[in-house]
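Look for chain A in each of the two complexes below; its partner is chain B in the first and chain C in the second.
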Partner chain A sequence: MPTFVYMTRCDGCGHCVDICPSDIMHIDKTLRRAYNIEPNMCWECYSCVKACPHQAIDVRGYADFAPLGHSVRVLRDEEKGTIAWRIKFRNGKKDFDLLAPITTKPWGTGIPKIAELPEPSDDMRNSQLLFNEPKYVRMDDGDLNTLESNGLKLKEGVYY
Partner chain B sequence: MSNPFAELSATISPGLMQFYVVLMILLVVAGVILDMKHKQSAKYFFANAKKAQKSAKRTLSDGEKTSLAIKTLTSEVLTSSEFCNEDRRKSHLMTMYGFIFFVLSTAVLIFGYSDPETSTPFIWWALWHLGALSLCIGGYWFWFKIRVDVSSEGLPWNRVERADLFILSLLGTATFALLWSITGAMLFFGLFIISSTVLFGGVYWSKFAHMFFKPAAAHQKKITRADGSRENLPDEYDLTDAEVQKKFPDIPEYMGKNPPNMGLGIKREKPNHY
Partner chain C sequence: MGYETIIEDDIDILVAGAGLGGTGAAFEARYWGHNKKIVIAEKANIDRSGAVAQGLYAINCYMGTRWGENTPEEHVHYARNDLMGMVREDLAFDMARHVDSTVHQFEEWGLPLMRDPKSGTYMREGKWQIMIHGESYKPIVAEAAKKSADKVFNRVCVTHLLMDDAKENRIAGAVGFNVRTGNYHVFKSKTVICGAGGASNIFKPRSVGEGAGRVWYAPWSSGSAYGLMIEAGAKMTQMENRIVLARFKDGYGPVGAYFLHLKTYTQNGVGEEYESKWYDDTKAMVGDYIDHHPTPTCLRNHAFISEVNAGRGPIHMVTMEAFQDPHLEEIGWHNFLGMTVGQAVLWAATDVDPKYENPELTTSEPYVMGSHATGCGGWASGPEDLSPPEYFWGYNRMMTVEGLFGAGDAIGGTPHAFSSGSFTEGRLAAKAACKYIDDGKAEGISVSDKQIADLKEKIYKPLETYKVYSNEVVAGTVNPNFINPRQGLDRLQKMMDEYCGGFGVNYMTNEKLLSIGLKKMKALEEDLEKVAAQDLHELLRAWELKHRMRTSECVFQHTLFRKETRWPGYYYRGDALHLDDDNWHVLTVSHRDRKTGEYTMEKAPLYHLVSEDEKEVTEHVH
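Our next item is the complex of A and B:
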């Protein structure tokens, strides 16, 4: 189900317009409030819902995790670095919250400074590996990653 | 430094001026009632409030409701705290207080001092002019710079929509009032009366009624936060609380027992790329 805007809560600030990856959140030229111009093209990424400072945008959640008519609302708190969800069933009996971190370091401090790294040598340029590959995927550094090497066991019914 | 309405009384009788002011008040009242009936905003507002009350986690006492009403008055109404954009907030404060002082002093000047025989106290003369000036500064700042159409959508400032009826008639009222006071030209007086009649008589078609429903909506929002219904939004957790850390173990595991303030992420930048 695509996003929709509660017009009485929206103040037309434009955060949703800026963040929408499909570029379908627009400001209505007459009412100066945001609206979804093309609901068919909305993939329900929730970016606008999370970015809205007034919680004026909502999405009807999928029926595969709660029966229809439920409410699923989200509160993204940048300063705390968390995201909170609340899912409430239609009859109000099931009402639960979820809370998860969205960053572990202050925003903007964990950006890799690639410009300061040494230039790759010709060997590295001609290699099949991409930038940083041995280090990040450990193809030949510390052997291959396997279930055994990580102390895990193959579980029945789990697809790896 | 003379009262423009006292000078006007040579042409228009003070009784007629007073009748006009009363007529404008009645037009505002009628416009607000018609607007509410047409949009059924009051009906839906109270229906929503009842729905929210059903999912409330606790009942608020009358004392708590009063203290929330006082908070709404001191925060949203008097200082326009609901605006995220600081410039927009400043501009709104200038237009709002300018409008209040302008309208109040107009009523005082017309009802108290429109007789050329009585001398007008300086304070009312000054409030009338300063109110109009503040309205003009805040209003034109909004019109040329802050409006989303101009600041973000890249539309020309002279593109006019029906939604601009309120701001344009407000600006017209203040601008022509000042010009009339400075020049004494009846042309500006005529334009001043036309703009103010459109402003007060056009409540049904403009956003004038927001001064009544915005405080009501802000108060209702505060009530939903206090009674726990929160418009179905999740709670705001204190991440250092041991109970919260026990309920959501991911928080202490990835962020530590006492997570720092992460600062602003996407909200560091003003949205202006659309």
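Our next item is the complex of A and C:
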């Protein structure tokens, strides 16, 4: 059933409830642990699996087409800036690890707080430019691309 | 119902739904509105919400203008070609001329973009696509939105837009409920930027039972962009232009990197190349469009579907050659883990090692959306320096409702925006929304207590219905007084599949079928007044279903209106099995009257971005 939660590892912290985009990870009121209340609205997106501090959540492929006995596990580490995967096949013939970066900077440090930057000038406001432009939108030092600059027209009719 | 009413007042910019479009809007709005009040309402948690929640392994829209790779107009031509001509080219050009600044900022924020070691440019997967390690794409852009916004309301599902009681057809904010506390949230706002999602799960999915969540587009993409805006009286465009995806079977794992970077290719069940076999057949339907390069996606689908129907399935992706290279093999797996983990789960479960076995492909159920390779959505104004009069009414990305803006799936006619283009559209909408406010267009907005009270009653009605009627039966889900959200969704999906051209009927429909479908849709709409929710989670599903229903109704209307088969491979009008440029080289625009619920359909002129000396095509296929 897409995601499921191991009874002995879950402590009911609710991280998965907080992050699930589909609102399907809920806390069972009697057991006080999380579970997937609506497997047929689970995308196997792994958001809850990655968020769980106890690796209590795993995925078992959709029952309508995935045979049992496989495993795709993951460990996401914001401090190291990496994500580590381990894939095991049902027949045991393939068992391998993959590692990828998730960020190139300490978390959140590369993003500007725009409120602390100077306000745009009136010229900027009356132009078509967005924040930080025309940086990166041209090869030369020119302005934004327009119909005039690129020798274009918008015409009615059949063109293709 | 004992839920509190929480009013957030004096908002300048309300972002309704914060996927890539909404986060772009919130981020940029702070620059143009240093002192403005910017608020986000999101039904999930913005760190993992929207279509990019899971991550991405590629950014599919990057020009590389600063390295001389592509120009914005080349991208417009590409999108036009892929969509058989049907693109809002002013909006498409506008997005394309800004999108690179978005992508380079993502890199500055810490998103790992791969670089070509020789040229130093971004690693290309294809002409427009670059490769990224995007597991944390969404958390990173969410961080940017949080730094700009005054407040973020996570787990607040926006159900309706608020309308100004002082001035006709002007927006005044939005309302919704908190899916955890149940509280009623009222956002009084001068502008709303609709960043809500397109529609998965409106056509019956191929997967059944537990696997019904394995849809191509996220199951939480509930068509709310359209449900919200149509209800507010905004005009919609190209809603017939649903998309069908050729993907790895069952898991719907992406094929872009496989085709473009790994150079894998398809063949039929007996190992033959099959696309060329259908050339004459396709040429008879669409004329010269089949000669375009690259071949439009729908026409490749058409060959796929036709070949399978001829009994020579399944279609395979030939991976056994590329996967002998360990580096390419690794990329193939990373590609899934980065954006469709379920496909890796499936191959592990079925022992499919693409190094030794060519995996099966399938064509998906249809999806209605406007940010990937198709262009359903709201009829929005373009920018003042580009747009012809029919496409311009004052503010870039503003809908036909004053003060209502959109981004991502909400904007119609702008296919091939993808994640970076959606974020860029959010930025464009934010700048325009700030200008709208600064120009004094949002003065004197008034929202009556009655409007707020009426909507509150409406929102919680499914809970009330359940309370009143559930004890009339002993137990179980069968009740003569109501249906639950799942039952309603099943009915909607079956109806869309059978009458509107789903996979179950080989994507075929006609006027008769569509008319019957619309009649059945009316009954569903009435029954959804009696949808019951036993808890807040079901209340969320009830409102998602209502948004899906409104989206679907609009899809029916548009599909009925366009009497041609413009995109064979996406859907077929059996009673008009040809592309018809004489009559239908136009954009379709619908308007649903807020009071009567009646639709008015019109054709809007199609403007193309051409060089001065380009000649019009005069010989059309009939």
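As a working rule, the second predicted complex is superposed on the first by the 106 of 160 C-alpha atoms of A that agree within 3 Å, B and C clash if a C-alpha of one lies under 4 Å from a C-alpha of the other, contacts with A are read in each partner's own complex, and residues count from 1 in each chain.
Here is the rule we go by: contacts are C-beta pairs under 8 Å (C-beta built on N, C-alpha and C of every residue); 3 or more make two chains touch, one makes a residue touch a chain.
This is a predicted model, so every value here is computed, not measured.
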item	value
Touched partner set for A:G108, first chain B, second chain C, both or neither	both
Touched partner set for A:G12, first chain B, second chain C, both or neither	first
Partner chain(s) touched by A:A100 [first = chain B, second = chain C, both, neither]	both
First, second, both or neither for A:I37, with chain B first and chain C second	second
Which superposed partner A:L75 touches (first chain B, second chain C, both, neither)	first
Contacts of A:R86 with chain B and chain C, given as first, second, both or neither	first
Footprint overlap on chain A, comparing chain B with chain C	18-19, 26, 71, 74, 85, 88, 98, 100-101, 103-105, 107-108
Interfacial residue positions of chain A with respect to chain C in the complex	1-2, 18-23, 26, 37-47, 59, 61-72, 74, 76, 83, 85, 87-91, 93-94, 98, 100-105, 107-115, 117, 119-120, 125, 128, 130-139, 144-147, 150-160
Contacting residues of chain A [partner chain B, same complex]	8, 11-15, 17-19, 26-27, 29-32, 51, 53, 55, 71, 73-75, 77-82, 84-86, 88, 92, 97-101, 103-108
Chain B - residues contacting chain A, complex	54-55, 82-85, 147-149, 152-153, 155, 161-163, 217, 231-237, 239, 244, 247-248, 250-251, 254-255, 259-268, 271-274
Chain A-facing residues of chain C, complex	27-28, 30-32, 34, 43-45, 47-50, 53-54, 65-68, 71-73, 80-81, 85, 89-90, 93-94, 97-98, 100-101, 103-105, 107-112, 133, 135-136, 140, 143-144, 147-148, 155, 179, 207-215, 218-220, 250, 288-289, 292, 330, 333-334, 337-338, 341-342, 344-351, 353, 383, 385-388, 424, 427-428, 431, 435, 537, 540, 581, 585, 605-612, 614, 616-618, 620
